[in-house]
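Have a look at these structures, which come just after this line.
Two complexes are shown next, each including subunit A; its partner changes from subunit B in the first to subunit C in the second.
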Partner chain A sequence: MRYFLPWAFLALLAAVPILLPDPYTLSVLASAGIFIIGAISLNLLLGYTGQLSLGHAAFFGLGAYASALTTLGFDIGIGFGQRITLAPQPVWFGFLAGIVVPALFGWLLGRLAFRVRGAYFVIITICFAQVLRLLTLNWVELTQGPMALSGIPALSLWWPGLDAPIALFRKDQIYWLVLAVAAVAFLLVRQVVRSRIGRALVALRENETLARSVGIRVTHYLVIATVISAGIAGAAGSLFAHSVRIVDPDVFLFIYTVTMVIMVVTGGKGTLWGPVVGGLLFGPLPDLLRGSAPPEAQWIAYGVAMILIVMFLPRGIVPAVASLWPRRAAAKPAAVAVEAEG
Partner chain B sequence: MMDQALQHLVNGTVLGGTYALLGIGLTLIFGVMRVVNFTHGELYAFGAYMVYALVSLLGLNFYLSLVLATLLGVALGALVELVLLRPLRHADIDSVMLVMIGAALVLQNTEMWVWGGVAKMVPTPFVGTPLVVGPVSVLPLRLFVFAVAVALLVGFWLLLDRTRIGTAMRATFQDPQTASLMGVRVGLVHTMTFALGSGLAAAAGALLGPVFVVSPTMGDLVGLKAFAIVILGGLGNLPGAAIGGFALGYVEEFGAGYLSTEYRDAFGFLLIILVLAIRPQGLVAARERIG
Partner chain C sequence: MSPPLLAVEHVAVHIGGLVAIADMSFEVPAGRIVSLIGPNGAGKTTAFNVITGYMPPTKGRVLFEGQPLSGLPPERIAARGVVRSFQRTSIFGACTVFENALMALHLRGRAGVFGALLRLPSARREEERLRAEAVALLELVGLADRAGTVASVLAYGEQRRLGIALAVAARPRLLLLDEPAAGLNPSETAECTALIRRLRDERNITVLLVEHDMAMVMRISDTVVVLNQGRIIAAGPPDAVRDDPEVIRAYLGAVPEADGVLHAPA
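So, the complex of A and B:
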């Protein structure tokens, strides 16, 4: 039963465009899905390593920009009369760039930031996103600055044997693609968490000194987690760039990080399903409130929700619901512990 | 060339005074309460808006408005501490950070809602023509802001050094348990610390609001800069925060003058990343736990 439930859930989500073929609903769900992918990647850091990384929008934005610039091409001067020129590349190549570039930055940030912990780590990650925002805002030759990169090509699918890639313009196609990427991200994080890496991460989250003393290479594993997390967040950013088809420096705003943090914390950090549950709750909220309330109301609601969750349900919804199931807890204590703790 | 450097030095000093004010409030709150205060920038914006409201809407005297705006900041800080931080006193540092982020979101967007997105100007009694001394020129308003900032810094130091509540704060800073055993009411010290730190942020906002313009997102960048200042000096290090404030003022001024005006705001963040990478305990602090 427990084994089939996730697949049934996936099938239900996949059937949404058939049951509810409304383009608006589908685009709301697709944009929620993109943020759920971001939240899934953040959860690997926030939930499983216990490091409160508040610069996650940086990886999301890097993915969006890397992917958009690869598909649009660019021609920039790098001083000394030299220029770097890139002709426009196909979208699938941009998508790969949108994963690889943030992953590289994740490696760099991890090497740098994991020298410190706690408040220092939090601040260094926030600064990282800010520097990138100011860079994209001011490096007009590459990024168009505040004028934004527009005319980004639509997502497309291609596989061997196909003559030309199929461009995905329809909302249901975009929805399915986002769902597929989300499912892959979920499975990837699950594999990581259940591997040697995941056990090392949880060990150092629970007691870093002890983990170190039994020979776990703490920084090594933290950097691996950051690279994976950054790559997944970059994939989400790439999807965002090619479905919205315009990217401006605001993708690096702290508020996007906060959106992902709220999803993870509300759903339950350090649980596989937490970001999905939190994301389904908060993802569609901006669009639902759009007609009836000013945009400030949405952020105020986010802020109040964050405060209430931390104060009254600190472990999030998923662990709370899991603990309501005493029968299962009694029958399979080990399984429940694994689910709650990671 | 020399004249230009001198002008940057003066501008950096004037800017550094208010940055020091911001940094000291934030570092005091971290030192005494172990709270990473994300609402600091919003309190700064609150101070600026209160001056705007009192001067432009109620027509009060400019100087009186500065004092009232600071006091309102103190009151708001006390409220935040009593409602949000007191129930979480034994929670871990990450949970408190999340709550403070939530509070900052609520404060900032309430400001946006109440005042709208258009930036406001605050009229001041100062003339707009700069004072010129030799090669250096400075606006009278900026000079006044600097003088008040320095006066507040000195007053704050006296408060910590000479009064009973200041002694209680320093004791709690060093060792909350022992302080509590010696009869210090730690809860009261926490409320006063947070109110005072918030008051300093509101004062900085009230002073700088008339210099620049008042807008709902002004707190964002300033909140982050306050972190930059505090990191430069080492979290929880009071003299370090003052030095960090001036250091950031100079880095921004000279960076904008000699390297690039567009990246003015980025220099501070690059500096933090550099400092944390090379000397994680801060420039000033000798030794400190950073784990």
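So, the complex of A and C:
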């Protein structure tokens, strides 16, 4: 039953474009899925290490720009009459860059920021996203600034026997692509969390002094978590770039980080299914509000949700639901902190 | 002659204006149980903090197998084979007893990011081995039947034992125990004494013990080091130390009573 349920859920999600072939619905779900991937990556940091990254949109945006710029190519001056030129690359090469570039920045940020943890980490991550936003706004030669990078090619699929690659334009194709990447992201985080590395992260979160006494290296493991988290967030950003096919500096906006934080906290931080459940609730919200409500409505909805969660489900939905099945929780020694998923 | 396993050389610790340790030198030979005793505030926990890297010494140095430990962070010192337990019970309260054991077995594993992400066969085998070690560890301290219990709901005595298990998990060569019997009843104290002996005899772990229960200290120790107000005032075999006039005076006239515990006046 426990092994069967997630696969049945995945099959159900995969059947949505067949059962419900409405392009608008599918595009809403695909964009929700992209943010769920972001939330899954944020959960590794916020949920399992307890470090709040309020600049998570930075990794998302870096992935979007790295992927877009790699596939579009660029030609920029770096002073002294020198230029750096990159010819347009295949889209999957861009996707890879969309993972590697944010992961490198994650490593750098982790090295710098984890000397000071807690509130300082929060502030440093916020600044990181703001700096990137200003940089992309003003480095017009590279990023087109506020005019946005447009004409980003769609991701494509090719296998032997096919004459030409299939570009993934249609809403159902994009939906399936996002679902596949989300499933992989979920599995990767699950592997990490259930490994020796995941236990080290939880140990550091629960009792850093004790964790160090048994030989767990603080910065080392927090940096590993940040790199993996940044890479997955970058993959989400890359999917965003190649499905919306236009990227502007607004991808670094604070509201995107807040969206991911709300998803994780509502669903249940530190649980594998938390970001998925929270993401399915809040993911479609921006699209549903758009057109019918002013932009502030999203902030108000988040604020109200936050208050309700803190008051009624402080640990989030998934732990609350999981506690309704005490029998299972008792039968499973590996419960609570490491994997409180249902 | 090979150097002692641990050598503390002229260590001083000043915290703000306060002298927690004035000048401390002692050795712990391999295979022995050495006790560090003294009234509250004598500097015993501070000595542990210095040896295990939680506090820098103001002066002096600590050598493990002839190599300096000073300057290394606690996690590196643990990797060298020096692990401590904490005076105030320290466990991963939100996790189960079994998870606590697995977390403490960190140094017994090697699996890295790729092993974990790709579930490599080597990582899986290691995971199985670690789980078996966790079971053995819990059996050693008599907590195997509590494996699925969330650690924070354990009884006090069980939490103390879990705390020791966590320190033992990494198979240290030198184990530092900070008041392991504090708050335990006589039968639990006897179990604790037996456990420490077994760790030394069966696992070849050298022990540096801080403990207030004099009966236990006198029974178990090869050497007793007495600390008072940041200074060592006596060191030697239990019998010699017990009769040392300065030691008796340090406990402010406290006299060993029938139960063997030195009762310092409050």
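The criterion applied here is as follows: the second predicted complex is superposed on the first by the 324 of 342 C-alpha atoms of A that agree within 3 Å, B and C clash if a C-alpha of one lies under 4 Å from a C-alpha of the other, contacts with A are read in each partner's own complex, and residues count from 1 in each chain.
To be clear about the criterion, contacts are C-beta pairs under 8 Å (C-beta built on N, C-alpha and C of every residue); 3 or more make two chains touch, one makes a residue touch a chain.
None of these values were measured; they are calculated from a predicted model.
Shared-chain residue A:A200: touches subunit C; no touch with subunit B.
Residue contacts after overlaying the shared chain place A:Q191 against subunit C, while subunit B stays out of touching range. Looking at the shared chain after the overlay, A:I228 reaches subunit C, while subunit B stays out of its contact range.
Of the two partner chains placed around the shared chain by superposition, subunit B is the only one that A:F254 touches, whereas subunit C remains out of contact. By the touch criterion stated above, A:R115 is placed in contact with subunit B alone, subunit C being left untouched. Within the superposed three-chain model, A:R212 lies in touch with subunit C and out of touch with subunit B [touch as defined at top].
Between subunit B and subunit C, B contacts the larger number of subunit A residues. In the superposed model, A:V321 makes contact with neither subunit B nor subunit C.
By the touch criterion stated above, A:L135 is placed in contact with subunit B alone, subunit C being left untouched. Contacts of subunit A with subunit B, set against its contacts with subunit C after fitting on chain A, share not one residue.
Residues 50, 52, 54, 112-113, 115-120, 122-124, 126-128, 130-131, 134-135, 137-138, 208, 254-255, 258, 261, 265, 294, 296-297, 299-300, 302-307, 310-311, 314 of subunit A touch subunit B in their complex.
By the touch criterion stated above, subunit C contacts subunit A in their complex at residues 52, 54, 73-76, 78-79, 83-84, 86, 90-96, 98-99, 102-104, 106-107, 109, 111-113, 115-119, 123, 126-127, 130, 147-148, 150, 166-167, 169-170.
Across the complex, subunit A is touched by residues 30, 36, 84, 87-88, 91, 93-95, 97-99, 101-106, 108-110, 112-113, 220, 224, 227-228, 231, 235, 260, 262-263, 265-266, 269-270, 272-273, 276-277, 280, 290-291 of subunit B. Contact residues on subunit A toward subunit C in their complex (touch as defined above): 188, 191-192, 195-200, 202-203, 206-207, 209-218, 224, 228, 330, 332-338.
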